[in-house]
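Naming follows writing order (A, B, C and D), and every chain is counted from residue 1.
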Amino acid sequence: MIHRLFARSWTRTLVAAFVALVFSIAITSIVLSISGFNPPSTFQAMFEFGKEPDSIVNTLNKAAGYYLSALAVAVGFRMNLFNIGVDGQYRLAAMLAAAAGGAWSLPPVLHQLVIIVVAVLVGGLWAAVPALLKVTRGVSEVISTIMLNFIATGIIAYLLNPGRLAVQLGPNNIGTKTISRSGRVPGTPFPGTDLKLYSLLVIAILAGVGFWFMINRTRFGFDLRATGLSQSAAVASGVDARRMVVMAMVISGGIAGLIGMPQLLGESYTYSLNFPTGIGLTGIGIALLGRNGPVGIAFASLLWAFLDVSSQILDFNDIPKEIVAITQAAVLLSVVVVYEVVSRVGQRIDQRHVAAQLGEVAA
Amino acid sequence: AGCGGKKATTGGGGGDGKKTLKVGLAYDVGGRGDKSFNDAAYAGLQKVQQELKLDVKDLEAKEGESDNDKIQRLELLAKSGYNPVVAVGFVYATALGKVAPKYPNTKFAIVDDNTIQQPNVTDLLFAEQEGSYLVGAAAAKKSQTGSIGFVGGVQTPLIKKFEAGYVAGAKKINPKIKIQIKYISQPPDFSGFKDPAKGKTIAQGMYDQGADVVYVAAGLSGSGSLEAAASAKKWFIGVDSDQWQTASAAEKPYVMTSMLKRVDTAVFNFVKSVGDGTVQKGDVRFSLKNDGIDYATSNPSALGDMTTTLNDLKQQIISGKITPPEK
Amino acid sequence: MIEQEIRTPAPRTGDRERRRTRMLAVGGGIFIALILLRLITGESDITSSGTMGATLALAVPIGMAALGGMWSERSGVVNIGLEGMMTFGTWGAAFASYFSGNPWLGLLGGIVAGAVGGLLHAVATVTFGVDHIVSGVALNILAPGVTRYLSDLLFTDEKGGGATQSPPLPSFPTWSVPGVGKPLGSLEKHHWILISDLAGLVRGVLTNLSPITLLGILLVPVSYYLLWHTAFGLRLRSCGENPVAAESLGVKVYRMKYAAVVVSGALAGIGGVFLAMVASSNYQEGQVNGRGYIGLAAMIFGNWRPGMVAGGAGLFGYTDALQLRGGAGAVHAMLLLIGIGLLALAVWRGYRRRVVAAAVSAVVGAGVLVWFFLTDALPREIVTYSPHITTLLVLAFAAQRLRMPAADGMRYRRGGGH
Amino acid sequence: MSTTEPAVELHGITKRFPGVVANHDIDIEVAAGTVHAIVGENGAGKSTLMKILYGMQRPDEGTIKVAGVEVALHSPSDAIARGIGMVHQHFMLADNLSVLENVVLGAERLHGIGGKARRRIEEISHQYGLGVEPDRLVEQLGVGARQRVEILKVLYRGAKILILDEPTAVLVPQEVEELFGNLRDLKREGLTVIFISHKLDEVLSVADTITVIRRGTTVDTVRPGDVTARQLAELMVGSELPVPELRESTVTDVPVLTMDGVTVRDATGRAVVDDVSLTIHEGEILGIAGVEGNGQAELVEAIMGMLPLDAGVVRLGDTDLTGMATRRRREAGIGFIPEDRHRHGLLLESPLWENRILGHQTRPPNVKGVLIDRQGARNDTERIVRDYDVRTPNIDVTAASLSGGNQQKLIVGREMSGDPKLLIAAHPTRGVDVGAQSAIWDHLRHARAEGLAVLLISADLDELIGMSDTLRVILRGRLVGEADPATITPDQLGSLMTGAGEGSAA
């Protein structure tokens, strides 16, 4: 019975996620009570606020960016490549795509397409730098992507200057030329609020499906997973490790390029000093929380976004909203701990099951 | 566009409005404690609380957040009956543009921006270049080495305005003066406003290379620069609020002056005007003319007889004879 | 942590003597190159005592993180959570020193707070077998949350404090080696070749030292001694090389890993103390600002060995000092050095018959030189990140002879060997 | 310690692993000052038992007495404290540490980690003729030297009871002789040796007493004089042993694999494969004999395209493989049974049917175009499981849950399904039980009859001699000799392998 329940990896994930959630709520409650706040009413306030239409829209919109970011990270993780550079990749991509979209006026559809393609290309190319450094010079991608995040900031700052790619947007704000109406993607209305859902949420969904399909159904995905599961076995099976590193990084960077698109085409229409930052780093945590799978990441990014959004009410109630960061870290850590335990138990059950079926228990 | 508030005590008559006034304020990244304009805004809010005896609520921003987060924050305040609501920083422009029309009875103010054209939005703008011009002149006058410095926190248009005014003021006094200019970080990396270690290193470098006065427009990083000044026994010029007041006893002698950007005054006056019913929509400019911008004279021994020159320049700016550049 | 898939047969490890002379030679060579550069370009800040002092100040926190990373990884635990541990360190230093009024208790507080971060990492990775990177990332999320939460509770009501910062903290006394400052200072002013440069170096390193700087410097040889010349160190390193073998010889692998990771956290904590109390005068949210990650880079750069790790931190600190102090001019001057260096590398590679590598170096080197001669200064925006660019370039062009501990990042279960 | 007490007594030891009872009610008495051999086939539970005695694993049931005193061993330290030392089946050495460091690790209290320890090591090394240099890095040592370091480690701790778990598996006969010399010395010094092996002639020559373990339990304890190797083997297996042999020759003169002047260098420029030329024909099995670490692994990787050639040409039939990627080579018709199935042959955490795809990611029935053909792969996995007798409940279990022998059969089945022209079989029956062993030999013979060319690498000299049409000897990367499998004995081959008689020996 139990082995049947544990046979499927998603049941294991589910059990792990549930236990972890309970655990992190417990931790959060303890911290709250120690500091003199009432946990149930705090959670209730967050929940009440979180289920208002405004918050739902904001949560979904935010989750789209988180989701893409985590997917980008997960592509690398699936083959033990650690792309910390998603942050720089998406910012550079969004900036150049915004500049291109603002500079060129094109007919609708083509305009949007061009912007997105530019973003994907820039993200991919910027990610190719650490990939090439790794395969030709053996530079650890952990270091190179950290450094390239900083360097990307420098490049963006250089280009984002009036006279280069930027225009003055207000007395104190600069940004790329605003993308004209033909390049925008109007938001989708949501009942009960003026906030609009980014229509490009669909990109995130497509990317998720594409990711799933690529990983599970294509030869390339098989090679990628094989490399992640056992580098040595993959190489012996004919996988070209260098090529895989480059491909995976470029794909990861390409997806990273998409991160800014829902926001850019659906809301801000310009890359200004006010463009959201840091999504690439959040994506690492979310990818890990979602166990690098498209479905897990979806739940993880929704949870993360929900916590982010609903934490606003805490500030309003004079509770430090950083309690949410504690919850997030606790979820992340406990999910992995619990999953570790669950899968070890699962593996043991599997082995016992195999032995039992073969009648070899008395070895 | 429903007003949606549950306990919306929006507006009300002008006369007895005072009693129902609850003041909301949303900070820019950095929030309370940045020793810069968020703190100044907070000071204004405290004054509101003490002198006008009003309820206040201040909410913090998160680094890297999106416009939707800001929209929600402003709405949260407006919806819960806070009126007026002050948004600190131009980063709120887009968000305010969406929220203000939904709450026509709520008075909003935004600091450092004037792109939102709404009847219920007041733009609190500052002529930082004017004050910077004056402290630039002061620096050039004070300098014996003919070399001074400018440390910016993050290279944004706002901070470049400080730089431009400072440079122009210094050149006015001494056209051949050497000015070292350095920013700590580049946008969108705003860590330059809170990296005292780097603020210190940069200022030290400037002093080492001959500068004897350094103007630091770098938020919290300035505290590091001030330390460098004190240990090099050279001059330091603060920004936004009077940094002589907050400096430690050992550092006070080296704070020559500060360029004052009275966000506190602006916030206080705005709230007061809402209470009085005299609120003004559109641009409210704070400059030398209306004491919204000034330079500090809390260290008179450092300024010495310089004040005459400075006051003279100040008059020329007020009268329009001199127009310090913005970039 | 990530298996090296590009097959390069293991390098032969030279003996200690050779390594030491090589390090000295490289150090000396770089110093002479810098002097030449100063002469050619006239940028006197290149070897000034101020630059050297700033280098030290910038390198110490990075170096502490890097040293911490080295301790942890030598025991086989990858520590990407250094950033978070440093953050704990800054806060711990502020908390303890502010409420006690004693800077030394601040040091203790930072060490303890960092060590607690390390302990968390150890519990997750060693006891629960969580992937090291996951745990590190979680710590990096946790730390800013916890510190801000605590600051909100503890610092907001204090004068000058708030959710994002502590009130001003008591400071450490600073020391100078007596009788060094003045004479060297005057020597330095003459800009005499070598003499003034050496004077700058020595004066920068010996004057206005905070005890934390001294402690940081001291911890490099101490780490070396502990890890390479004591039984404890041998046991610790054996856990990073082959924990199964270590266990089979009665080494308490879990205990050693715990010790290493906690020490790692404590070291990162010292880096935090330095940031909060020496480099500035209060705790500040976001003060660590990526230094933990850069420390990690310095550690890899330093090949997991203390001398080289310190060198990596020093290189980063130096370029950062140069760009912060000298700005565009001094960094522009560095282009000359980089260009010439690359050309030299090209010649050497050509001599070793590695044609492609030689060509790449030559082309890049020539490009850099052209850039140098065609411009007067570099864009400010780019100059800000010259330490990062330098790190990347050095890693890309220096020969790759890095060797991480063999079992680094491996999940190890007690009794897991077969 | 009275000499009449047995050095070690194990009573009723039972140890269960999930799904497996590794030891079941084991009873053994080891007399002091003797060499006591424990034999049993792969997976019989020998190593588990020894790990229990060494404190690395806790028994579920049973008692352990050392020198007549009942003990509870919680960790190796406890065992070490009681004078027990163990040389493990797989080397327990840290490559990046020096010999000295490896030896003193955990026993620093004895003589520190410096000069005193070095002198002590040199002393022991001299006393037992081990020839160990304390300051070398372990990674620079060959297998024989590593083995001696392992023994030195145990002696350094002053162990009175020595456990050697399959110490001879990686040694050539001459090295085995040396080792036995060492063991006799040890015995003379009053030490007790527990010696595990399944090379029965060795056991008979060195042991005073032999205990046979089968399927986790003790079946008999005998004296070497009372049994023959054959009887011992049948005790061990419970049935007759398979014999590796080929019948009539099927060798044709159609060359399949041709290597010409192949040289591979490591980063330091040393030639690890040095000017190797050989040809394998259709229907021919060419065996490569050599002490481990003499370039066999690199030779294989060179053929597979996993290592770049420094010089030379590799051809498959008329196709020039030089410079071709591994995948293309596999597609051209090379099958590969790797030496280390866990590292190079399987995705342990993946189900069997995904393991079927590994190495054949570009060929039907596993793929359609760029997509994975799950159904095709599954069906073909079912076929392999059936044809190759892979014992598994279904094809959705992970490869890790199969026993080693079954994992190996899956690999053999998979590599045969690609219709290879050339099969590289590196230690195809290492760590595999007798049933699986004979099945794998059968498959090789069968494929050979159908024209397959095989490159066979093995440390098991009987297998090598019995299964090869042609034998070549590799030493320090060079092919140094050729032998006729029909006439050569393992001893002669062994001396060729150590370079004792360079040149051809007929």
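Everything that follows uses one rule, which is that a contact is a pair of C-beta atoms (placed from the backbone, for glycine too) under 8 Å apart; a residue touches a chain by one contact, two chains touch by 3 or more.
For each chain, UniProt lists the protein as follows: A, C = ABC transporter permease; D = Sugar ABC transporter ATP-binding protein.
These figures come from a predicted structure and were not determined experimentally.
Chains shared as neighbours by chain C and chain D?
A
Among all chains, whose Cα centre is located farthest from the one for chain D?
Using the mean of the C-alpha atoms as each chain's centre, the farthest one from chain D is B.
Quick one: report the Å distance separating chain A from chain D, using the average Cα coordinate of each chain.
Their C-alpha centroids are separated by 45 Å.
Averaging only over C-alpha atoms, locate the centres of chain A and chain C and give their separation in whole Å.
Inter-chain centre distance comes to 29 Å.
Round to the nearest whole Å and give the separation of the Cα centres of chain A and chain B.
36
Rounded to the nearest whole Å, what is the centre-to-centre distance of chain B and chain D, using the mean of the C-alpha atoms as each centre?
Spacing between the chain centres: roughly 75 Å.
Find every residue in chain B that makes contact with two or more other chains and list them.
Chain B, residues with two or more chain partners: 60, 63, 155, 185-186.
Where does chain C touch two or more other chains at once, residue-wise?
8, 163, 290, 381, 384-385
When you check chain D against every other chain, which residues touch at least two of them?
Each of 306 in chain D touches at least two other chains.
Hey, which chains are touching each other here?
A-B, A-C, A-D, B-C, C-D
Provide the residue numbers of chain B that touch chain C in the complex, in ascending order.
Spelled out, the residues of chain B in touch with chain C are 30-34, 60, 63, 155, 180-186, 191, 194-202, 204-206, 208-209, 220, 223-224, 227, 231, 246, 248.
Sort out for me which residues of chain C touch chain B in the complex.
Residue positions touching the partner: 45, 48, 50-51, 53-54, 57-58, 61, 160-165, 168, 208, 275, 279-282, 284-287, 289-290, 320-321, 324-327, 380-381, 384-385.
Across the complex, what residues on chain A touch chain D?
Its residues touching chain D are 7, 216-223, 225-226, 229-230, 232-240, 347-358, 360-363.
Mind pulling up the chain A residues that touch chain C in the complex?
Going by the criterion above, the answer is residues 31, 35, 80-82, 84, 133-135, 137-144, 146-148, 150-151, 153-155, 157-158, 161, 227, 231, 235, 241-242, 245, 284-285, 288, 320, 322-326, 328-330, 332-333, 336-337, 340-341.
Touching residues of chain D toward chain C in the complex: what are they?
47, 54, 56-57, 75-77, 80, 86, 88, 90-97, 101-102, 104-109, 112-113, 137, 139-140, 153, 266-268, 306-307
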